[in-house]
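What follows is a group of structures, each given as structure tokens.
Two complexes are shown next, each including chain A; its partner changes from chain B in the first to chain C in the second.
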Partner chain A sequence: MEAIILQILNGLDKGSAYALIALGLTLIFGTLGVVNFAHGALFMIGAFCAVTLSRIISTSHTIIDETQTDFLGNPLKVEVPYVMDWFGEATGAAIIDWAVPLSILFAIPVMIAIGVIMERGLIKHFYKRPHADQILVTFGLAIVLQEIIKYYYGANPIPTPAPSAFVGSFDFGTMLGFEANQIIYPYWRIIYFAFAAIIIGAVFAFLQFTTFGMVVRAGMADRETVQLLGINIDRRFTLMFGIAAAVAGLAGVMYTPINSPNYHMGMDFLVLSFVVVVVGGMGSLPGAVAAGFLLGILESFASMREVLNVLPGLNQIIIYLVAIIILLTRPRGLMGRKGVMEE
Partner chain B sequence: MFGLDKKDTRLLLLVAVLVALAPFILNPFPEGSGMAQFNAGYPDLMQRFVIFGIFAIGFNILFGLTGYLSFGHAAFLGVGSYAAIWMMKLLTMNVIPAVIVSVIVAGIFSLAVGWISLRRSGIYFSILTLAFAQMSYSLAYSVLTPITGGETGLQPKVNDARILDGALTDGATPKANLFGLEMGSSIEWSVGNWLFTFNAGYYVAAIVMLLAFYLSIRIFRSPFGMMLRAVKSNQQRLNYTGLNAKPYTLAAFVISGMYAGLAGGLMVAMDTQVGAERMFWTASGEVVLMSILGGVGTLIGPVLGAGAIKYMENILSKINSDILHTWFAFLPDGLEDFVVTLIYPFIGKGWHLTLGLIFMLVVIFLPGGLVEGGQRVARLFGRKKKSTDTPDGKTTPAE
Partner chain C sequence: MSKMNLTRRGVLKTGAIAGAGVAAPTIFTAQSAAAFTNEPTGSSVTLGFNVPQTGPYADEGADELRAYELAVEHLNGGGDGGLMNTFSSKALQGNGILGKKVEYVTGDTQTKSDAARASARSMIEKDGAVMITGGSSSGVAVAVQALCQEAGVIFMAGLTHSNDTTGKDKKANGFRHFFNSYMSGAALAPILANNYGTDRKAYHLTADYNWGYTTEEAVRTSTEAMGWETVAAVKTPLTQTDFSSYIAPVLQSGADVLVLNHYGGNMVNSLTNAVQFGLRDKLVNDKNFEIVVPLYSRLMAKGAGANVKGIFGSTNWHWSLQDEGSKAFVKSFGTKYGFPPSQAAHTCYVQALLYADAVERAGSFNPCAVGEALKDFEFDGMGNGPTLYRGEDHQCFKDVLVVKGKENPTSEFDLLEIVEVTPVSQVTYDASIFGGELGSCNPGA
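For the complex of A and B:
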């Protein structure tokens, strides 16, 4: 029982990332009908938003500290971040420590802006072109974005730690009444899961309970009729593209402490996220979320020692295997709607 | 000639001449001159031109004719490579059995993958092929290590079985050959400052490429090719006429898988080693880039695209900032630095950025690729010529 709970928990953080990216992909597909291969790159840019912000706020200047000396007896040069000058030492240190969560505030406007620019500047011209062209041009865009990031940040992963309050693990088992030291789980992963749940909830609430969301849903169902009613659906869809980009970006921001960001992390996730979208059912938002968590958890079960002894290598291929089986037996995916992307 | 019409014969002969003279054409700059780094006439790169040309020609038979976008073709290339290296380990270092077996094995593998993947079309087909390719890649890296060598890959060793070859003396390295002609051997011919290299492996690969190219022309012009085009333009209508598209698309899939296997086998024949990374999905993406860049659905396009990308990969990536500084040394100091910093992100390690940008521009403005670009330019000049002797509508009084 403990082992099962542990594997479910282990699957949650990756599952959350899959679910968030797949949610964004499905939003774009459902609204604009575009297959966005650059979505992984947006995830990656989100992660680098966190890197950028933590670099900006730890920008420092050198002062000579007379009270300390180095081993030669000269006064020591100390790097003092500007935030410490402005907010005092304790607050400044706390701000630097909390760089990753703070990046959320930074990433939202940046990602929405990037999304809107992308849609207006490039994707807009591809609505009438075949899906293959959309895939190809966004694939090219993904390469370009990836290379730009690589040029400015280098090819190596950049460690971006979580706030020190959340470093380390805690004993999740005792909370559920199991024996101690059975289910140890890192703090940040549970936070990531909670964060993902909040974002997913927020997106669904936004679509379900606001007028804007209602119009967008109407547009997804029947774009032409909504336009005939005199609503500028294009502008709303553009904003939805921005929101989808922001969702991917936030998934990236919060993922940085789990996995140090590097320039190709987006592509690594993108391939899997596409599989997730297809398994969940093209165009179905709940399907994307459910499939994301399902596949994340399945992947972590497949990497259990007991399973690997019977079927070696299963953890590497389980997601693809599930995708193939689903596509062949339930062509619309788990929750796909009728008539979406059926040639 | 060879059952081709005049235009296709001309194209085939043109390609044959270009390929045969490639050591000259690709080496236009004398050794030691500042431009020598743009020379592409060294064996390793020339071999890659033709091998990836084969890969792209095969991919084009599937994507160009039927419109099915496969994102997993590198798997067939990888499977072909593994088959070839095992032939070299077990049977003989002669390349012929290796290449033949690699084609057969890749064909069987693509038959299995195509059988399943072709039940769906559109993006689902892309995802399915991608899933199969990624599965093969992961398995080659992990569970199948006894067959694939895992992370270290495979090379022929001195003490391999090789039942057809005599035992090698200790310390000798097994080299791929064609009835004794070593693939790595080349004749060098220096004329003045120029050094031309004629490599045996390159010419073997080039002959195979010409055969592959000829076959692809025949497929394009055949009734079978016509059926594939019909699948692309409107599969539904094809079904209404009572035809089942699946056997045709499956045949196209297997043929293109065999081309990929052929390319994989030749890669091993030229450079006797295999690693799983050549099955990674970015490798599949690369062949997509090649076909699109050159001109999908055209005969010569994929070969041009493969050449362009491999040239960029090998030549553009070698330029560093020092070289740039020497180029722009004629500019005033500040301007020189500015120009260099402006260009620097696009060359050297950043050549992928250039590739991505060119690719995007091609997809946006030139969906027919380089071939369409060439045609447009030709048409532009053609029209100009015509317009000089045709009346422009206005009457000008004669003197």
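For the complex of A and C:
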């Protein structure tokens, strides 16, 4: 029982990442009709926003410590962050410690800007082209973006820890009446799940309860009619691309303490997120979220030792297996609507 | 007037033979006046540095390349001479190799066997490389070693830790300076027993490929001989990034030690996840839960950040060693590049010098003569103490370092501390235990 609860928890945070990326993918597909294979790269760039802000905050000047030596035997050069000079040692250290949460504020405008530039500069030229062309150009863009990141940040993972207040894990087992230390879960993963829930809720609320969202939903349903009413739907869709980029970017920012970011992390999520979108139903926002959590939890269960002993390697194929079953029984996915990608 | 009899069968046969001749790589077919493949005839000799310049180990590859460039500089008489000053053999004079200026070409292994073979082949066939060296993966090392054997050039392996490289897949033209999984297990087990006791239950997470298997086997065998019990060994896909679903079952397994047979990004992520799950804060079987990483790399330790603190592992070399060779290399590399070298850089630099020295002692670039010069060659002053290049399997035997993640690092490079220098006698094994045949040396042409 403990193992099952633990794997559900595992699936929730993995599913959160899938759901956030798939949500952005679906938003772009639903509004612009573009299959964006560069979406994983946006997740990765978001993570590197955290790395960048962390480095900016830690920008230092050098002082020579004559009492210590470096690896060559010279007096040790000690880096002192400017924030410690400006705000005092304790406050400066706290600001550096909280670099990842602070990166959320940094990432939102950066990611919206990247999204808008990407859409205006490249994607818009492919609206009327076949989906295969869109996939090729966005996949190429993803490779370019990850190579740029690798050039500037290197190929190795870069540790970007959570604030020290969130280091450690919560003992769910004790709370649920089980033995201590049997169902423990890291604080930051709980925060990641809560954060994902807030972002998903905010996107739905934005689309459901604002005039802007209403116009966008109308445009998704019937673009031509909305345009005939004199509304510049293209501008709104461009902004939606920016918002989708920001959602992926924020998912990346908050993921950095879970796994040290590297240039390839976007590709690791991309294919699975596409499967999530297809299983959820192309163009269906609730479908993307539901499928994200469903497949995340299933993947976690398939990784249990008891399961792998019976069916070795199941965790590697479970998502694709479920995708096949769902598409055979429900060709439009879990919540797919008639007419989407069926012309 | 002669009459030509053209038949369909005849044309097809002739075409097939001609096509096969054209298609076959020239290096494997060419019969020339040269005594061996790519015999240097001019005033220079070309070495091929085959390192990962893209892909997940690109940073290690960059450090390997820096080391090779430094070695070339020293071989040609530039810089401060580095390890040539402390090397026990005095055959190298700083005037190139056999008086020929050393030049080099580079290839990108991408840490993919097929890409590595293609780049090695290109350097041999198009650039005339007389020796191939480098790499940061056992899969790549085994693949390139086999290619060099066929092509008739020497392969001086870079960072490759699997037993197979000089075990079941060993080749007469291939040589490895780096240590291996068996040595890691043999060096680590006594330290683990001393620090954690002999009554321990270990849970292994193992990267699902050749290196992972040999490392798991080596650590299991060594620790079980000390009295440890292995409660489970689970294979993890090489592409895995989030190990939480593999870490969670450890909590219910009754294990009190987690052994991470992972390297590179796998190691960074699995260790980070294990620490996040609070494993190191747990008491299991009335003992502190412990984590072990059999193969450490400083570059990878950097990726894992503070999570490596207090965790035991092994390494081939570390810049903080205080022997004259290590100090000379760190000074030379650090002065040129501004940071200390990694173990990958060290082993590649040493391999380049060992090859050059063997050529000088042999008086020839002929791979068979070079191989003979390297076989059972004993040397010192290269940073690992007295070392033997064993003739039976072309594996170097030297002391092994057991290291621990440093609790209070003073800089971004100061991540590991040396716990013990395990004497070579403790890590030496019978060459026959891993099988394989060296075969005979192939000079190529």
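Simple rule for what comes next: the second predicted complex is superposed on the first by the 326 of 343 C-alpha atoms of A that agree within 3 Å, B and C clash if a C-alpha of one lies under 4 Å from a C-alpha of the other, contacts with A are read in each partner's own complex, and residues count from 1 in each chain.
Simple rule for what comes next: contacts are C-beta pairs under 8 Å (C-beta built on N, C-alpha and C of every residue); 3 or more make two chains touch, one makes a residue touch a chain.
Please read these numbers as outputs of a predicted model, since none were measured by experiment.
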Partner chain(s) touched by A:16 [first = chain B, second = chain C, both, neither]: neither
Touching partner for A:125 - first (chain B), second (chain C), both, neither: first
Partner chain(s) touched by A:137 [first = chain B, second = chain C, both, neither]: first
First, second, both or neither for A:188, with chain B first and chain C second: second
Which superposed partner A:274 touches (first chain B, second chain C, both, neither): first
Partner chain in contact with A:54 - chain B first, chain C second, else both or neither: neither
Which superposed partner A:238 touches (first chain B, second chain C, both, neither): neither
Partner chain in contact with A:256 - chain B first, chain C second, else both or neither: neither
Contacts of A:169 with chain B and chain C, given as first, second, both or neither: second
Common interface residues of chain A - those touching chain B in one complex and chain C in the other: 150, 312, 316
Chain C contact footprint on chain A (complex, rising order): 2-3, 6-7, 10-11, 13-14, 68, 70-72, 76, 150, 154-159, 161, 168-169, 181-186, 188-189, 257-260, 262, 264-265, 268, 299-300, 303-305, 308, 312, 315-316
Chain A-touching residues of chain B, taken from the complex the two chains share: 67, 69, 116, 119-124, 126-128, 130-132, 134-135, 138-139, 141-144, 235-236, 281-282, 285, 288, 292, 345, 349-350, 352-353, 355-357, 359-360, 363-364, 367
Contacting residues of chain A [partner chain B, same complex]: 35, 122, 125, 131-133, 135-137, 139-144, 146-148, 150-151, 267, 271, 274-275, 278, 282, 312-313, 316-317, 320-321, 323-324, 327-328, 331, 341, 343
Residues of chain C defined as touching chain A within the complex: 54-59, 232, 234-235, 237, 239, 241-242, 244-246, 248-249, 251-253, 265, 268-269, 272-273, 276-278, 281-284, 299-300, 302-307, 319-320, 330-331, 334-335, 339-340, 410-411, 413-414
